[in-house]
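Labels run A, B and C following the written order; every chain starts at residue 1.
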Amino acid sequence: MTAIDQGSAPVGEAKPRSGFQVTHTSLSSRLGLIFWAGLVVVLIAVPYWGDRQTMRLLTEIYSFLALASLWNLLAGYAGLVSVGQQAFVGLGGYTLYLLALWGGFNPILGLPLAGLIGFVVSIPIIFLLLRLRGAYFTIGSWVVAELFLQIFQLVPAVGGGSGISLPAAVVKSIAASRDGREFLIYWIFLALVVAVLAVIVLLLRTRYGLALTAIRDNEMAAKSNGIDVNRTRTIVFVVAAAATSMVGSMIFLQKLSITPFSAFSFNDWTVNMIFITVIGGIGHVEGPIIGTIIYFVLREYLADYASTYLIILGLVAIVIMLRAPKGIWGLVADRYGWQLFPLARRLKRRESSPTASPQPGTGH
Amino acid sequence: MDLLNIIVQGILLGGLYALFAAGLSLIFGVMKLVNVAHGDLIVVAAYFAYFVMQLLGIGPFTSLIVVVPVIALVGYILQRGLLNFTLGDDLPPLLVTISLSIIIQNVLLLLFTHDSRKLYGGAIEMASWRVTQDMAIGVLPVIQFVIAVLIIGGLQLLFYRSAVGRAFRATSDDREIAQLMGIDNNHIFAIAMALSLAVVAVAGVFIAVRTTFNPFYGPQLLIFGFEAIIIGGLGSLWGTLAGGIVLGLAQAIGGHINVGLPFTAGHLAFLAVLIIRPEGLFPKAVQ
Amino acid sequence: MPLLEVTNLKAFYGDFQALFGISMSVEAGQVVSVIGANGAGKSTLLRSIVGMLKAAPGMIRFDGEPIGGVGTAKLVTRGITMVPEGRRLFPSLSVEENLMIGGQLGRPGPWSLERVYGLFPALKDRRGQRSMSLSGGQQQMVSIGRALMSNPRLLLCDEISLGLAPILVQEIFQMLPSIVAEGTTVIVVEQDVMQALAASDHVYCLQEGRISLEGPSRTLDRGAIRAAYFGV
């Protein structure tokens, strides 16, 4: 009756050493990895053949992709829909600026520090927010971000309402020439988005990743299987916060100035995270990638109509949630079983005579 | 006396916050839906009132006669046409209402631009009662507070003494068996949303008379309503009123200490409750 | 014309087929029982009739009208209702409120709050109590009373004996005739075979989604019933 047949042996004979092995890869994912490797090589070379505008556009794409992927990890896997991630984007930005201002160090050092600060600050936040369920968690995350916005507005030491500009001397310490700075920042962004995706994929391959998928699918069942839901969610939240802060620090390094409103802006950061992920495909690592592409293509055509653009995105997101909740990637991938990352868990029979066929993957 | 004045202001403001919260918790009680666009709908009501006032040349309170039924109808259609289809899982209602919030803000932006607006109530805005030599209470805040309390009392009565309220409670308990009572879920949820938005309409006009608003004001109001609910405790409308009052007080005192501080003080009060007494100050035992 | 006519009813839970073409017919004024082992499809049959499971329009006819696919709430207005398995009272409502909400629609008929209290006097004393604070047997009475309040022409009873002491079960089944006398046709789904046979005019036996036997309750051969029940 069940699809998994342990292979009963006739009485009297020793059972063959049949066991099961969990494999993550498939043909599709192997091709995917080759594709990614090639793509990264091409992207590394961009500064040598592309112009400044191209690099800027690409760094923007990288940052949105990274932010959306992290949001996807939170909402699509851990079930934590946060509309307050802009708090960490801004926090990362301010950390970098304040370090540069007060310490006079090369602001690039602000990157790891931003990650650390984001990590540390997020711990009491998630501790509090986990007292709220579901949608109340969401609104609570918004309150936290609002609080950040207000505090940074009020405290003159961090620039108050008018913010901080990165002093010229500090900017020059990144690299001597303007080109040098642009190249360096570009590569750091690329490294960052690759690292974020790699961390996400690797995380999902571990036990924690499996726990996340279980929590996402059925929290009650996950709990009764011994999964510590709160602890898993906490880990994901602080990791995402640290990474988001790092991306934020680089975003503002590039912008050369920061204000509380630009730092902690729901519209600039979180709206995009949400739309990119929902439209691309929530709960799939590939989702934000597809979503980012769609987002930027659409923006090309609708750049002049900022409000209309958001209205359209909003309507598309609603239609997708009602008709195709797994997003565009979900539609495609579920139909053909594609995956671009080695994330599925397939049970393969480990026997000398391979008659087994892979069981339907438990998804990723 | 200054302090007393501030306390009174805070309490009266709290009544308004309780109204924001009442609509939100009504929906949550009946169908376990949290409408993230709730605050934006309050702003929609304010803009609609503005439009009606311009069109008909009437005052804000008179405009309620038109605004309340129309916004309630919008709620019915919204629930029946869209939100009913999202119920069931956790993620869709959240993401759909978030998207809705963004859509509403940008539609309002297109229609009315970024400019701040206010509803002008005329002489009553300035009127006040002189209570003692040093203290006067504004007439308008008192009226709004009284109406807010009446509405909340009315909602309580509706929930616990009327057939509709019975239907709400039954549907909230057991959606499937409520159908065996002849209750059409699609309809009853839409009625609940219509009721919630009727309250929203009143709240919207009230807040728009007291302060300026713009298309992006919604989330702020949502947060106030939400904080009132958490401070007061889930499950009880009177608790929500108390929560709103505490929030109003925190904001009034905070604003007195430093003019930039009121909302922050409110957030801190909310966080304090979350840390010290997460179930709220006056939670309902049952549920 | 029979009050209820079920023709070749098939029912699915997703991909899983629970009923494989059930046909039955119930005349007005009858008490019909449906018996069978766990998982045979008895509850599925009732849920299909009352509109909780989708069925093709022609598969179920009430008073000659096809009702397959019509929603539950609408069917209650037409006079079909169910006493659900496990009682499923509304915990937030008191005993009396549970009864009152049964009559929410205001369908005309003999049943009212007073008549229900007349049938179940124990409930009158507890009318203001939380419904879940009552004993199992009393809760069952509330559940039945709640269904009666909608003045149904067809009452479906899903395992009302479950979890009740035998003497209580007898008491409840002894009330069926008075319910029928007021003009309600009853279908009882039961695991208690003897009780079901004693209380009904006609019996259907379900086995793995199919009707394995049917006939008049009093005269059907016990051995045949046993065989049909277990599918031997």
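Everything that follows uses one rule, which is that contacts are C-beta pairs under 8 Å (C-beta built on N, C-alpha and C of every residue); 3 or more make two chains touch, one makes a residue touch a chain.
This structure is a prediction, so every number in the text was calculated from the model and none was measured.
**Student:** How would the remaining chains group if subunit B were removed from the picture, with no chain shifted?
**Tutor:** Components, subunit B removed in thought: A | C.
**Student:** Which chain has the mean of its C-alpha atoms lying nearest to the mean of all protein C-alpha atoms shown?
**Tutor:** B
**Student:** Can you pull out the chain pair that has more C-beta pairs in contact than any other?
**Tutor:** A-B
**Student:** Tell me, please, which chain's centre (mean of its C-alpha atoms) is farthest from the centre of subunit A?
**Tutor:** Of all the other chains, the one whose centre lies farthest from subunit A is C.
**Student:** Subunit A to subunit C: how many Å between their CA centres?
**Tutor:** Chain centroid spacing, subunit A to subunit C, equals 53 Å.
**Student:** For subunit A and subunit B, what's the span in angstrom between their mean Cα positions?
**Tutor:** Distance between chain centres: 34 Å.
**Student:** Starting from the mean Cα coordinates of subunit B and subunit C, work out the distance between those two points in Å.
**Tutor:** 44
**Student:** At least two other chains touched by the same residue of subunit C: list those residues.
**Tutor:** none
**Student:** In the complex of these two chains, what residues of subunit C are touching subunit B?
**Tutor:** Those residues of subunit C that touch subunit B are 50-52, 71-74, 76-77, 81-82, 84, 88, 90-93, 97, 100-102, 104-105, 146-147, 150.
**Student:** In the complex of these two chains, what residues of subunit B are touching subunit A?
**Tutor:** Spelled out, the residues of subunit B in touch with subunit A are 33-34, 36, 82, 85-86, 90-96, 98-100, 102-103, 106-107, 109-110, 219, 222-223, 226-227, 230, 258, 260-261, 263-264, 267-268, 270-271, 274-275, 278.
**Student:** Along subunit B, where are the residues that touch subunit C in the complex?
**Tutor:** 163, 166-167, 169-170, 172-174, 176-185, 286
**Student:** What does subunit A use to touch subunit B in their complex?
**Tutor:** Residues in contact with subunit B: 75, 79, 81, 83, 128, 131-132, 134-136, 138-140, 142-143, 146-147, 150-151, 153-154, 266, 271, 274-275, 278, 282, 307-308, 310-311, 313-315, 317-318, 321-322, 325.
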